[in-house]
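For reference, the structures are reproduced in the following blocks.
Next, two complexes with chain A in common: one pairs it with chain B, the other with chain C.
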Partner chain A sequence: MTVLAVSNLSKRYRRGGKPFAAVDDVSFEIGPAETLAVAGPSGSGKSTIARLVLRLLEPDAGRIQFEGADLLILSGAALRARRARLQMVFQDPLAAFNPRSTVARALDDPLRIHGIASRSERPRRIAALLERVGLDAGLAARAIHEISGGQRQRVAIARAIATRPSLIVLDEAVSALDVSVRGQILDLLLDLQRQERIAYLFISHDLGVIRALAHRIVLLEAGRVAESGDARTVIASPQSAVGKALVAATPRLNRIKTP
Partner chain B sequence: MKRLHRFFQTPEAIAGALILALLVAIALAAPLLFPGDPQAIAGPALLPPLQNWSLPLGTDRLGRDVLAELFHGARTSLAVGLAAAAAALLVGAVVGTLAGFAGGLIDEVLMRITDAFQTVPSFLLALAFVSIVGPSLGVVIAAIALGAWTGPARVARAEVLSIRERDYVAGARVIGMHPLEIAFREVLPNALPPVLALSSVIVAAAILTEAALSFLGLGDPNRVTWGGMIAEGRTVLRTAPLLSIVPGIALVLTVLGVYLAGEGVVESTAVRRSLS
Partner chain C sequence: MTALLSIRDLTVRYRREGVEVTALKGISLDVEAGERLAIIGESGSGKSTLALAVAGLLAEAAEVGGSIEWQKPRSSHSVTASHFQPLGGRDIGFVFQDPSFSLDPVMPVGKQIAEVARTHLNLTWREAYAKAKTLLGRVRLPDSEAALRAYPHQLSGGQKQRVAIAAAIAAAPKLLIADEATSALDTIVQAEIVSLIRGLVNEDGLTLAFISHDIALAATLAERIAVLRHGELVELGDTDQILNAPRHAYTRMLLDAHLGLDAKPLLDRQGASA
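Up next, the complex of A and B:
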């Protein structure tokens, strides 16, 4: 069974009056508890794919099957309810939260919206979520801008897992973090995947991180799939020009230990 | 605290704040100092100022206490100015947020309505509204707000258009939040600062519009207003010019105070923004 099956997905924009394809006939599948990496140079359409899969953007063509059902026919309340199972973590954890929010409110919202816990139960749930992502429950009362970038990204992950999703899309979720924090967040993601059997659509341009985390990889070039396959195989011997260029551009690849 | 400190750094802001404080004190003190009906006859008609210490500013054509009228007029001016501005800001913020956030047809319709209101001079709009519905405090407030909400609506819409592209709005959609909740709980509060920056100009304009309506006899007849006092005094302008001049000065000072204090607030927040 697959969690997510994307087929022939296309999204066109207009640039200087003439249309161009940001995502062009892209297909891939993700199984339960599997990590699929999407890599490619800047502007190759990675974020556009993330937004299409999350129904933040409407595709021009293609199909998206999520947990066996057509995601593209959903709208309104049915779509909002479905979103509990399909979550996202953004690149910049500061931009991803309402600047007026507190940690507690950021975590309270998904629990309230999806009726996961009663009002009186929610503070306990919030504390449990914070502890699950390795944070002190006392952080709940803090404003979002009063915690560090690494803590903020952990809160973003806690928010994403609050509704027990089967898939989390991570768009450059560790790129803005410094190296030591990045390692801890990757460990957390691996641990969550093992425990909760969450699948990841992991978008990154960092092949070192991808090799540490991903099972399979899709390489994009100008919106099209240039190459795909087992992550380590592709990174070890890329066949496409983009793949070779990305490997060449990642000098520390050979120094990163694989778990 | 820091912000307050910065606010009081320009002399204009201090002057504005002092005028406003005085005005508020006057408005609050009016029913205590002059508990009776300010429109009741208090002495001989057209008593000049500084003649009788129980009537320091004298009396008007009908023998009403001018000082009492002035104090009670401050209440009306402030109440109408603040209420009309609050209503205009509220309606403007809601309309602008809906238009900017929903986009498409809703945006198109709401902005055409805003255009329509903006092309009619706001004073004419207020005049027409009060003439049709009849003068009372609530109607005057609504009439003034009717011509004042378009500015806040445009500013709110522009701000919402930029905010709605932010990641946190996408994040709110991802967790399944209802679009109306996103618009009013996530987006609107963050779009408010530039909208609120308009408030001093709107309050000042509202006070002037109220005075103009009263001058034309379209104010609430049961309340003393400065505009009404000026109109009253006009009939005896040659013999007792102060009857028009005194409420006129009160009006000018009030508008000036509101404007200066408002500029001070905008300035101090702008400094804060450029510092951060």
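Up next, the complex of A and C:
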């Protein structure tokens, strides 16, 4: 059983008049409770894949199957019902929210739209969601632009888990978080995966984080799959040129070990 | 070295509808001319607030106490030392944490960069565009000719962030404040940007305030590291001292929590697998 099966996906854009492939014949699968990492240099097509999977973009070719259904032919109520099971956390949290909306409103919307909790129940749900991502319930009344970048990213994660999805697409979701909050969020993601069998499509440039969290990895270069396999094996001994370069450029902490 | 700016007892409170958040509590810090200073600390510790305060970009609702004094620039004789007001764009380049904040969504990125150069360097549009193109090459944007005409939504997250860096350095500012500017960039581009920034500091006499949550990255770039926690400056020292002889328990925690390529995977720690 797979949660998501992507086959032969392609998307072309034009740059300076010339067409180029942002995503070029990409295939992969994700099973329940599995984390597949997608890594690759800036501009290699990671976010484009995320947007295609979420149907925010139409592919030029390829198939996307989500929970056994062809995502590309669903529409209307059937698509909306699936949407609740397929959530996302974007790279650019400010662009993903209405900045004037409050934190409470951003979390109330999915609970209301997908009929997950009654009006009287929702404030309690919102407080519980904030607590799960390590935020103070007092933040609920603040506007999205009145919280810090990392706090905003955690609100986005709280919103994504609100509808109990089977797959969450996370695009650089923890890149701007400090180590302590990031550790907390990674633990939360692992807990959710274990308890609710959520699968993750985890886009990140951070190989350290990928190693810690992901089961498998797909490495992209210029829209194509350069290499894929077990996450730790690939990171420990990359075969592709781009894999080798990404590993070599990872900043290392040159510390003399302190006791 | 002389201080480019002296921050004394800086306190910032955000207030709205009776709710008050103290984001910075009595920060005192000198930023030396020509240095590379990193500011690290956990989410909500006040890093962005400190950067915005230095750049004079805090929201109206923020209440500011203490002082930020700029060294009188040698070239400008019309201002008195204590009243020198740096100008955003010309004296301070700012790269925001979220690139949607830096870039105008309805203007081609080449024009946005050229505009900074034209306004502050008295260039013609033609010269400013040539400068923009050079800058896009320097931040390693592929096909800089085509990139000049791209709108922000046509660029990837990392490409937008690189455009924001190009715009921030377009007027050759004295101080570059980079707020998580490379957090979402892959390690190859990140390393290139780090060496670009290092070059700007060495060759153009730029001063750098680099905000990052990544202590390993901060250490590759900075000579000094300031550690913020809950709005307070808990530790300030040379990079070497911070890494090898941290004085504060919180700094040690940050070092230990670093997820390097040799860390034990969380998956194992919790005994899970698909």
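Worth pointing out:
Here is the rule we use: the second predicted complex is superposed on the first by the 246 of 259 C-alpha atoms of A that agree within 3 Å, B and C clash if a C-alpha of one lies under 4 Å from a C-alpha of the other, contacts with A are read in each partner's own complex, and residues count from 1 in each chain.
Criterion: a residue touches a chain if its C-beta (ideal position, glycine included) is under 8 Å from a C-beta of that chain, and two chains touch if they have at least 3 such contacts.
Quantities reported herein were computed from a predicted structural model and do not represent experimental measurements.
When both complexes are overlaid on chain A, chain B and chain C end up sitting side by side without clashing.
By the document's definition of touching, of the two partners only chain B reaches A:A81; chain C does not. Once chain A of one complex is fitted onto chain A of the other, the partner contacts of A:V209 are limited to chain C, with no touch recorded for chain B.
By the document's definition of touching, of the two partners only chain C reaches A:G183; chain B does not.
When the two complexes are overlaid on their common chain A, residue A:T163 makes contact with chain B while staying clear of chain C. Once chain A of one complex is fitted onto chain A of the other, the partner contacts of A:G31 are limited to chain C, with no touch recorded for chain B.
Look at A:E172: by the touch rule set out above, it reaches chain C but stays clear of chain B.
Centred on chain A, the angle reaching out to chain B and chain C in the chain A superposition, using CA centres, is 70 degrees in steps of 10.
Look at A:N98: by the touch rule set out above, it reaches chain B but stays clear of chain C. Taking chain B and chain C in turn and counting the residues of chain A each one touches, the greater count comes from C. When the two structures are aligned on the shared chain, A:M1 is found in touch with neither chain B nor chain C.
With chain A used as the common frame, chain B approaches chain C to a shortest CA-CA distance of 5 Å. Across the superposed pair, chain B and chain C both touch chain A at residues 92, 95. Listing the residues of chain C that touch chain A in their complex gives 14, 16-17, 19, 40-45, 48, 97-101, 142-143, 145-146, 149-150, 154, 156-159, 162, 180, 183-191, 213-217, 219-220, 243-246, 252-255, 257-261, 263, 265-267, 270, 272-274.
Only residues 166-168, 170-178, 186, 189-190 of chain B touch chain A when the two sit together in their complex. Within the complex formed with chain B, the chain A residues making contact are 51, 54, 56, 80-81, 83-84, 86-88, 90, 92, 95-101, 109-110, 113-114, 159, 162-163. Those residues of chain A that touch chain C in the complex are listed here as 13, 15-16, 18, 31-35, 39-43, 46-48, 91-95, 138, 141-142, 146, 148-151, 154, 171-172, 175-183, 186-187, 190, 193-194, 205-209, 211-213, 215, 232, 235, 245-247, 249-256, 258.
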